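What follows is chain A paired twice: with chain B in the first complex and chain C in the second.
Right after this comes the complex of A and B.
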């Protein structure tokens, strides 16, 4: 077997103890490692060999427990799953920081209270219909097709890498975060759960529509749960269940109807469809500001050719989708 | 090269300067833009949320139109790029095919799935190539520090987008270097601009935009540039709101990608619609040599 060439890895680690340190600092260590050495292994070597005060969370070292998520060269990753070599090759250094969007307790350990609070709020457990209890001693059966609708989400290990990567979490405390929403999706499409309509109604006002669909969560997820896709699914199910009751769902439906008319977006009309007349008035000063430079926003665009083809697709495919019950 | 030009809604409406600059650059590089007045809106991510199957069908129709003409598609918007590319991928699911194909057959626009969707950034860096771009530069943008701002859907989901690294891309910075500008690296360059929730919760959307602009500024950028006109709306048209949301002045000129390329090729500000921007681009232009005013074919 070929022996991997070792490398001298410069590692910069975020250090901070709130209440004691005035501000965070970065301690620099150099380790001789093999390229495939996981970042976690290097951190544990630092703690054992160089600096016993380094504080971090970890347990299984096998991408199962979800304890060691952190920022590795600015990406949300599991330290146990991320080899050092490619990072050094790409960036020339390795910078290790605590997860974002959660306050630092010490060094690489963050306070995950908000992450778990959002998770609790979605009530992450089956709500069986009391009129139809699970048969005594028997599993409650699902068909393979029913299970296939949510087979990705049970892979989630609640590591919070998605929560750390999410710009909506960063900007708005009302956004539940990718993990909570992906887990919610799992219960919404579970045929045994009797509360999915209630769940959909509630999440419409509990932050569902704050998702930016930037897909940073999907890139960060170590288990390929693809939270952003599950959130998209939830939005479509919520619209099917309730229609446009919230600014977010109104905007999505408004957009869909807007382009149906001419095949092209009518920018000014969209504001009215999403925000109503009151919203339009509120936007008027900004609209006027834009109109002075970009007068096209007030004009109707030309209709596309073969608009009837588009209309035919709408008539064929725009029946409200079912929610799988 | 000949390619089907998919300008997208914004470049034909409030972002018309993007269309002007795209045509200027295409002419300068001998790219023939074939136009299809029957292309429709891509759904901009919103129709995708309201009705996934409909959105795939709408974009399969657009791709079917290009396929019939035997052409690949050129986009100038990260969101159009993402929606058309996702449609290509989602049609790989037989269940989706089974729903979409009969509807497409009824309107007489079948789509086999052979069309490649390429953003202008990809065409410039891969098809045309950075050497050819560099050779066409008449006025290097030396002295101008630019923060590239990618726009999510050009990059992610990475498995489908298949363009550059979804979290650590470099194509845009490579292009900026090729036209003589100095790329600025900052975290916000791959983040969201806030546009998707501009009509849902404006103050949050504006705060997100403000943070990315402030991040670019704090890393020394004189200007930002984006391959996405929706990002341009957030970053330029609503920069006044972003400033209010983050509580500081930003004064950050934001260029559309082809505008910077056209400037380096010798275009004048009027050629590429710079007076249409909400944030004046003058301070950025003052850092580079003035153009003598050359035509794209010069």
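Right after this comes the complex of A and C.
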């Protein structure tokens, strides 16, 4: 192995003990490290060489236990999987903070109760129907193709990096968060689970449509579970399961058809498409207020030129997927 | 004081399976763990779980392979029970929801593993432990109303009075509060203690707390000198590269480009038993056939990108992230690292330890089915088979227990007083320093190859560290998530176990399985086909010995 050159890494670490410290502070440590040294190794060296009172969660140091997710230069990452060199190179500094969207217990340790509560709420276990028992004394047969449908969801290590990165969690504590939804997806594609329909119906009013589609969870996920893509898959399955009758799915379908017509969003029409006439009436006061500020929302937008090209795009997207996609 | 009927300490596969059995038996169960159950080290197991379910395979072959792998130190009655339970155990885990890899016909896929006569290792890509851990937790969590989870609690004491278990003392990391949890039955399932060694595949949390605590409470430890070194770990970090990599066709090469295993195991080459392969690698490196930095190469490149990336997905990530090599195009540098403790709290096949009311299962226990060397794929199976047995036995014991076990204020104080003293010191030993010296000592003097003089030195050094530990100091005085306190407790636990390992190893004047003595290179069945038992005495471990249980397999020379 090549001899790596070392660097002097300045590391700023968030320190805070609620109830004891008036406010958080950042302690600055300097360590000589190799560029590929993981942030976790540096934090453990701080603990053994400089300050044993620094506290954090960690265990496996090989990205399989999910303990050491934290904010590293403002991104939700596993400390064990993040080398220092590229961080310093890119940002000129290394700032380590606790995960977001979860209250700090002390230093880098957060209270994960809400994260686990959302995980429990999706009922993360096989739900069986007594009329269709498991084969006695034998495993269920499952083809490699059926196993492949799980995509990467079994790789999830529940590190909560996605939960920390998610702006929808920040905005709404009732949003289940990316991990719980990806986990739900794992059960609705499991041929052994016998509650697919119930799960898909329930999640529609339990937060599925609150996802903002920003993909920050997918960017944060250290195991490439790609939660936002699993949420998208869930939405498709949910629409199929309920025939697109639930407001969230009607909004998604309405959005698609609405734009297809003129190439631009017709906002007034979208309200009717999503929520029906009753919904329109219920939203009328808010609509009026908006209309006073921005009268153009009531107008039908002009159709874009080359609408036929858009139609061709739609037809392509609606076509059944080709092999391997 | 809290009160339950069964307290399970440790929430990996063994602990959770024990808890599930005890819950199903109708007992009020507590699960105490220093990690969230899904963060347990069981999740790091990669390669697979053995069960002789293939048409060409048989339970008898699995038994024979395990007996031979154990170098005839495994108890054959327990091994027979263990291998018979394999099929039903795997089926149960599949029914709980484990996502196993599949063969084209829809059956459970199997891969070859070291020391096994047939491909019998059922797997979930290279994250079998994680797949099983998720499934058992998903199943156990459906019983959430029937057990209490003490998450991120550290065990400090098993209380034994009048010759019977009374419960435990533990503290809650969130607020530093020490509490007694009374119960007539306690199951220890705290897993590995590999952090006793400098280079280990084990997680940082694998510090043998339950085993050490049981030893301090008077339980007998069994065969602690048998430490398995996994042949293929990344040299710098000790991160495990699964045996499944060789099962899939990976080969080991030295710096001369030779496939050196042909010298050491001409019949099965790279898929010899772990002790054999680890010794081969150490021998190659010490004879100058290693690469600069002291390692050999594990080559997967010839398997092709598709196979490597689908069957060994996590390994690809580990190599790329932690060693800077891409196994699709480059060899992986590997060297052996401490991996598994064959020894542990001595139990029978029901999980019963030597103290009434105390039970153990998984890596923390020693039944013994692994004897002097464990076969790959047998440890995941062990956690589930004997986790269930220990849970059932603990539940039955609790149901019939008479009297009311109590953990008194003075029991709690007995755990807390030394901590206060450690915090009150102005000067004292740094737990991290003691840990580093212990790890280096064990690596150097009680490693893969052992001899009389080294081990005598090891005993001396570990005892000196134990003396210094009496003056250990905790500088962090916070009540909240005080890891400095956890460090101090853990190193105390590990020093106890390190002493048992080296004293047992020094006494055993033969080579068997993972215990290789340069000065006694042969197995000595006449004298040493027996288990080492260690009891804590005032001057250190007091050793005694017990016979190995025989059924059908006469000891033979072990050749692969």
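A few notes on this one:
Just so we're on the same page, the second predicted complex is superposed on the first by the 258 of 325 C-alpha atoms of A that agree within 3 Å, B and C clash if a C-alpha of one lies under 4 Å from a C-alpha of the other, contacts with A are read in each partner's own complex, and residues count from 1 in each chain.
In this text, a residue touches a chain if its C-beta (ideal position, glycine included) is under 8 Å from a C-beta of that chain, and two chains touch if they have at least 3 such contacts.
These numbers come from a predicted model, not from an experiment.
Of the two partner chains, chain B is the only one that A:172 touches; chain C does not reach it. Counting the residues of chain A touched by each of chain B and chain C gives the higher count for B. In the superposed model, A:197 makes contact with neither chain B nor chain C.
Of the two partner chains placed by superposition, only chain B is touched by A:75; chain C is not.
Of the two partner chains placed around the shared chain by superposition, chain C is the only one that A:60 touches, whereas chain B remains out of contact.
Shared-chain residue A:158: touches chain C; no touch with chain B.
When the two complexes are superposed on chain A, none of the residues of chain A touches both chain B and chain C.
Chain A meets chain C in the complex at residues 1, 17, 20, 36, 38, 44, 47-48, 52-53, 55-56, 58-67, 81, 105-107, 109, 112, 116, 120, 124-126, 134, 137-144, 146-147, 150, 154-155, 157-158, 190, 192.
By the touch criterion stated above, chain B contacts chain A in their complex at residues 9-10, 12-16, 37-41, 43-54, 57-58, 61, 99-100, 102-104, 106-109, 152-153, 156-158, 166-168, 187, 190-192, 194, 196-197, 199-201, 204, 207-208, 211, 237-238, 240-241, 275-278. Contact residues on chain A toward chain B in their complex (touch as defined above): 73-75, 90, 167-168, 170-172, 209-216, 218-219, 226, 228-229, 232, 235-236, 239, 247-249, 251-253, 255-256, 259, 263-265, 267, 270-271, 274-275, 286, 289-290, 293-294, 296-297, 299, 301, 304-306, 309-310, 312-314, 316-318, 321. Contacts from chain C toward chain A in the complex involve residues 35-36, 38-41, 43-44, 88, 90-91, 94-97, 99-108, 124, 127, 130-131, 134, 138-139, 141-142, 144, 174, 203-205, 237, 239-240, 292-293, 313-314, 317-318, 321-322, 324, 333, 430-433, 436, 475-476, 478, 480-484, 487.
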